[in-house]
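The same chain A turns up in both complexes below, where it pairs with chain B and then with chain C.
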Partner chain A sequence: MNSFIDYTVNGLVIGNVYALLAVGLALIFGVANLINFAHGSVYTIGAYVGWAAITFLHTPLAVTILIVAVACGALGAAIERVALRPLQGRARIAPLLATIGLSFVLDQLVQLIASPNPRALPVDLPDWRISIGGGSVGPMDILIAGVGLSSAALLYGFLRFTKLGYAVRATAQDRDAARQMGVNVDGVNSAVFAIASALGGVSGLLVGMYYNHIDPAMSFQATLKGVVAVVIGGVGNVPGAIVGSLLLGLTESYGIALFGTTYRNLFAFALLILFLLVLPNGLFGGRKAVEAEPMTGTFIAPSRALRVPDYVVAALAAGAFALPLVAPAPYLLQVLTNSWLAGLLALSLTLVAGAAGQMSFGHAGLLAIGGYASALLATDYGVMPLVSVPVAGVVTSLLGTALVFPAFRLRGHYIAIATLAIGEIVSLVILNWESLTHGAMGVTGIPPLSAFGYEVTSARAVYWLTLSALVAFALLQARLSSSHIGRTLRALRDDEIAARSHGVKVTRYKALAFGFAGFGAGVSGAISAHLFSYLNNQTFDSQLSLLAVTMAILGGMGNILGAIVGAVALVGLPEAFRFAAEYRILIYGIVLLLLVRFRPQGLLGTT
Partner chain B sequence: MAPLCQVRALTRRFGGLTAVDALDFEIAQGEFVSLIGPNGAGKTTTFNLMSGLDRADAGEVLFEGRRIERLAAERIAALGVARTFQHGRVFGNLSVLDNVLIGAHTRLRATRPWGGPVAELALALWRPRSVRDDYAARESEARAIVARFGDRLTPRLDHRAHSLSYANRRRLEIARALALRPRLLLLDEPTAGMNPTETAEMEGLIGELKREGLTILLIEHKLDMVMRLSDRVYVLDDGKRIAAGPPDAVRDDPAVIEAYLGHSGVGRRPQAEAAE
Partner chain C sequence: MHAHFSPTRRALLAVTFGAAFAPAALAASPQGEPILLGVSGPLTGPNAQYGAQWKKGFDLALDAINGAGGVKGRPLQYQFEDSQADPRQTVAIAQKFVSDPKIVVELGDFSSTASMAASSIYQRAGLVQFGFTNSHPNFTKGGDFIWSSSVSQADETPRLAKYATELGFKKLAVLYLNTDWGRTSQTLFSNAAKSLGAEVVAAEGYQPDEKDFRSTLVRVRDANPDVIVLISYYADGALIARQIRSVGLKTPIVANGSVYSPKFIELAGDAANGVFTETNFFPGEQRPEVQNFVTKFRARYSEDPDTFNAVAYDTIVLMAQVFDQFGTERAGVRDGLAKVKDVPSVIFGKATFDPETRRVAGARAVYLEVRDGKFAPWDGVKPTTN
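Coming up: the complex of A and B.
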């Protein structure tokens, strides 16, 4: 019983922190119609600004909170002005992609300035605790609850009673109508980003103080938690976001109580998937069906694909095959091997996100399934890699398709969020299913690639093997693309309603796309596992999923040659120029931002 | 002989608004029937219910004697009901030819091989002789259909549909619907946004389809055209059928005149547009 109260208090406190994050996301979604993936970065920056103020200026708590709010508010306004305002009128997912790019940039900047190592955030609070019916509440709990409640009250007052608040609500209801009635819509956007970011920053500070721990990697999880809370409450609904946050906090807290801390995030994402499937509009979103506009979730800029003559492609491939004979330096070959493996991932993504229009933010989950399947078959069951790798491809194809299958009826941003959550769930299941996956220990001693006792270990042999796999998949995918299946996928991407009205079984073709794409990604993950010889649940993380999205966009969505070019450019080049390796994520972020803004059709054009 | 398509007591409510209210009508094989009525009368909603894009709250739709109102849109299309959309929904990033070929999707043998989706994938990749022939046959059909629109679409076969003019997109939609070889064709305002010359040209084409024996259900606001083409006309207002019969009889029906003139002129009643 005591512990029940403790867990409840803990859940409500964490819920309050999530609420500070989620309210900002909901406000931003309301007026700007986008899920702000940079929100977690602002939260992290809030924590670091607070840390700097306490450490260098020895500010008292109230002043620290004020400094954090002002600094993050300014940052939020700047984000809106620089990265998002120029994207008005673009594909609806364009600003979302821009915020992903931005989050890469901000996170890496924090790392470069403050070092990637975690820091302690000293708190100057008394250490008494009040007992409540067996549980206890400390000053930190009260502080967080106080900040949470007072910001909610302030926000309510602002939205209800101030002129700017009216303008915000008007803009959220109908942007164009508000503009025509003389509302400065850009100003409203700016104000909302500032307020949301101020709250997000304070939330980061409070979490840092609560756990006495801050690190630059905390931003992505924060964004995800905020998104989960917002979807539960009904996207764009501010009171809904608060209720969703408290519900999420409690669910996590009770989940920890019942199963242990490693299950915490699994509960969060399972809750998200549950809501997406059962109540996609959330608790407060009403019963209105999810919007059925064509192409809201896709990122296909109308363009003509650059026609690269077949003989040029053949010559490029021949050159790639001949390279080890001319330039046998193992480092170069390893870099390119990594590029070929990333190319397989990008090919897989460009099929589902480009050709079929199902934006996937969880593609690394497919690599993880393939990697683990092959690694476990080879280590625990003694299957030779020649067999385990293709088997892993088939397993990934089937399992990956089965996992996304329930999400096929989602549209727009929701499919991206669902795939993101599914990717996280894959990683968390791997972490927790110890009897199969060895849990947090990971899989060690994965044998190198081999067939009938012959091991493929030299840099050259591995290079040729991965290049062959890549070329084979690219050819198959080109063949698929030119078939009636390719045409059908592009049709359902452009307009699902019209496709269905002409007899296209949408689910069947989405499943075909994911099945085909899953095989390629699974093989890539499997080969990687044998090359790395070690895997754990974080080998293929969400950042890799988002990198794959960047590769596909860089090459041109749906463009097969483009996917390979994108992979080589983003994986190969930064490694080839060693000095750039440290700034890799920064480069990815900037590339993504520039692409979305200036060349949405990518280098080779969309198909 | 039983009619090709029968609609019985079809009803669809949106909140407090009954967009389609116990509607009854039927279409015989080879007949040309029009649905007219002011905006918001429930015409497009009726199309959505008949084509499986929306679910009726009550009533039934029979096509060739079988109930289809609960079937998914793709099943209804496979049975031979094709439709066009009021506001035009072409596949913007597909070429004109590919758009028409999607219309022929249900008739590709390669889309339903023995062995399910995996076999379909294998066939698409391997492409044996039979599949290649199938592809080629559908493509020459598609070219022939496009050729019916004169030189409007033929020179643009390889253009992406988003680059077409509005009128050409409407033509492309009809070409796509024809590629399904429909037994019943639902046309939702095929001449909306067209100038008089283009309208006359479209009327010529639709008349040609009628003479070929295609069964057509038309929604149209241009009443002259409706009167010239239709065998029978149903008039809707507020989701209810207010008149039915041959064009001449309907034209002089007091209830029809009331419905049109009672609301400021033909087809202008914005407050009920939500139901469209």
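Coming up: the complex of A and C.
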């Protein structure tokens, strides 16, 4: 019983920490209808600005908080002005992608300026603690709770009772109507980003002080937990974000109590999925929240696809096949092999997202399933890779579809968040299901690709093999897209309700799309496993899922050739920027931002 | 005996024992074709700090070696390719290195995930992959070109168990990083502890990006241990140590050698005091290899080195000696690693490889305790346990 109280207190304490982040995310989500992936980066920058103020200016706590709030507020307004406002009126996927690009750029800047090593962020607070049960809470806990609650209360009052608050809510409800009524919509957006970012920066500072630890890589995990809390609370609902955070903290804490520490995040993401299925509007979201989601294809940029004549495509393919004969450098071939494998992933994603409108942010989970299936079959059961790779494709197809199946009725951002969570769950199950997957040790000694004793190991042979798989899959997908199935899928994407009222069995078509896409991703993961000879739960991580999304969008959603071009570009660019060493991911982020800014429909356009 | 030393041997002695043995100022700066080492490691991404630590160690060793005439008149250089510790990038880097005839040996990568994905490429191409932080027990099983000077966990963790029992602890709660490294250590540690008559009452694995340990510590407390054992790196170890104290637990802490870093004390603050640990390398140790390294490191970077700096430094010194004695042919480097004897080393004292396992045994160990915000040798006093 005593321990139960401790677990409860601890859950509330960590929930309290999540709440700080979630409030800012919820505000932006509510007004701009955007998952701000750069919010975690602002949080990191807040921590570092605070560190600089304390270290160089020896500021007392209150002044530090003020400096951080002003600096991050200005940064937020700048982000809105420079990166997001030009994308207004574009498909909503464009600002989402822009925030991903921004988070790369900001995190890299912090790392370059402040060095990647973690730093201490000591806090000058009195050293007393209040005992509760077997544990205790200290002044930092109370400060964090105070900042979280008071900022939520202030925001609530501001939104309810001030003129700007009215404007913000009007903008959130209907941007065009608000503009027609004379609301300065841009000003409102700017104010919202400034407020949310000021809060985000202060939360980074406080959390950094709480743990006495700041590092440039702290942003992604923070964003992830914040998003989970926001969805639980009901998107766009500020008090809901706080309750959602506390509930998330409690669930994690009880999860640890019941099953142990390694199950913590499994509980967090399972809670998220549960909410998405049972209460997709969250605890406090009204019915409105769902209606605000795109009813038609506004999530993905509508555009005319660039027509590439068949003979050009054929010539490109022939050129790709002939390349090793003229340019046999193994490094080039390996980079292109990686591109072909990424291309399979991007094709798979562009099918479910571009053709069926199911934005998947957890596609690396499919690679992991395919990779593990083939690796375990080959190492633990002695199946030869010629057989294990296609079997892995089938396993991924079935398992992947089954996992996403419950999320089929979600749309827009919700399906994105649900798939993100499913991807994390796959990785966590791999980590924890030791008897099958070897847990954290991973699978070692995976044999190279082979058939009847012939091993495919040279860079050239692997290149041809992966290219063939990619071309075969692309042809199949092109055939699928031009068939009645493809037409039906696009109808689903563009207007699900209309499609349904025309008698389309929505779930079956979505399952078909995921089944087909799962096969391609599974084969890609399986081939990777045999190339790497070693796999663990981190080989296919959530960063890779984000990369897959970027590839598909860059090429143009639903565009088959575009997906391949996107994969080659995103695998190739970081390699091309190798000369820039520490700066290369920064350059990559900037290039991505520019692409989103000037060609949001993707290089080759949406089909 | 000294008369038989080639100029390079003298340069190496200069590097490892300080300038007293060989007047470095007299050595001509090396003019020949550089000897190129390929490094695959994280310079960006979540593990970037370790790549940055490597660089400091490499640069220090290279300055000393090249300042003393290089290897047979040729300067040593490295080409650092950023992998973000991502397996997709390490395989591309591997292809780049194996097809570049100037690269004579490859060093890295950082994590097992990233390194082992590239092993088969190095093995097939016959270029030595030298992983100096790769502790996965299967890493060197990738083939006869895969070598590691990472301190074997089979060596290190039983010693930690011995230290814990010598301190008088009988009921151990283990918190371990849930990666291949932490998992292997935890298993070896628990087995060793049991054979020494101690009992492991709780074992909790945590994720590398975990920051909150309060609920984990409730589980640990309820298991009623007389010590908490951390199998952690310095950043997460510091987080845990702080939270152990801030939730009011008085249980003593024993941590494995990888928390040994000035950063551990900076990040853990007062909570570091009283933590017991052991290390392969302690700047206060009087061995000449250690003192020479520490003096030079402090002079150049105005900070204390940590273990990652030390292993990177050792690796360059080792390679310089292998090149000097056995040449810079790729296969020669492999054969040389099997034959080279008693290379002066910060970590091992004298490093000699076992040609069968392709690893080095016998890392040095110093028992430490944190006192007044500093690592100090253990004074032999057992803590009072309840």
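Basically, the second predicted complex is superposed on the first by the 512 of 607 C-alpha atoms of A that agree within 3 Å, B and C clash if a C-alpha of one lies under 4 Å from a C-alpha of the other, contacts with A are read in each partner's own complex, and residues count from 1 in each chain.
Convention: a contact is a pair of C-beta atoms (placed from the backbone, for glycine too) under 8 Å apart; a residue touches a chain by one contact, two chains touch by 3 or more.
Owing to the predicted nature of the structure, the values given are computational and were not obtained by experimental measurement.
Novice: Between chain B (first) and chain C (second), which does A:487 come into contact with in this model arrangement: first, second, both, or neither?
Specialist: A:487: touches chain B, not chain C.
Novice: A:574 contacts which: chain B (first), chain C (second), both, neither?
Specialist: second
Novice: Chain B or chain C: which reaches more residues on chain A?
Specialist: Partner touching more chain A residues in the overlay: C.
Novice: Which holds for A:184: it touches chain B only (first), chain C only (second), both, or neither?
Specialist: After superposition on chain A, A:184 lies in contact with neither partner.
Novice: In the superposed arrangement, does A:495 touch chain B (first), chain C (second), both or neither?
Specialist: First partner only.
Novice: Tell me which partner A:538 touches in the superposition: chain B (first), chain C (second), both or neither.
Specialist: In the superposition, A:538 touches chain C alone.
Novice: Mind working out whether A:3 is in touch with chain B, chain C, both or neither, as first, second, both or neither?
Specialist: Once the two structures are laid over each other on A, A:3 reaches chain C alone.
Novice: Could you pull out which chain A residues touch chain B in their complex?
Specialist: By the definition above, chain A touches chain B via 294-295, 300, 302, 304, 476, 479-480, 483-485, 487-488, 490-491, 493-495, 497-506, 508, 511-512, 515-516, 606-607.
Novice: Could you please specify the touching residues of chain A with respect to chain C in the complex?
Specialist: Listed in rising order, the residues of chain A that touch chain C are 3, 6-7, 10-11, 13-14, 17, 108, 111, 115-120, 122, 129, 131, 134-136, 138, 211-213, 215-218, 221, 252-253, 256-257, 260-262, 264-265, 329-331, 333-335, 338, 342, 431, 439-442, 444-445, 448, 457, 459, 528, 531-534, 536, 538-539, 571, 574-575, 578, 581-582, 584-585.
Novice: Along chain C, where are the residues that touch chain A in the complex?
Specialist: Residue list for chain C touching chain A: 43-46, 48-49, 51-53, 80-82, 84, 87-89, 91-92, 94-96, 98-99, 111-113, 116-117, 119-120, 124, 136, 138, 141-142, 175, 178-180, 182-184, 204-207, 209-216, 218-219, 221-222, 235, 238-239, 242, 246-248, 263, 266-269.
Novice: Residue numbers of chain B touching chain A in their complex, please.
Specialist: 51-53, 72-74, 77-78, 82-83, 85, 89-94, 98-99, 101-103, 105-106, 108, 110-111, 117, 120-121, 124-125, 127, 135, 160, 162-163, 176-177, 180
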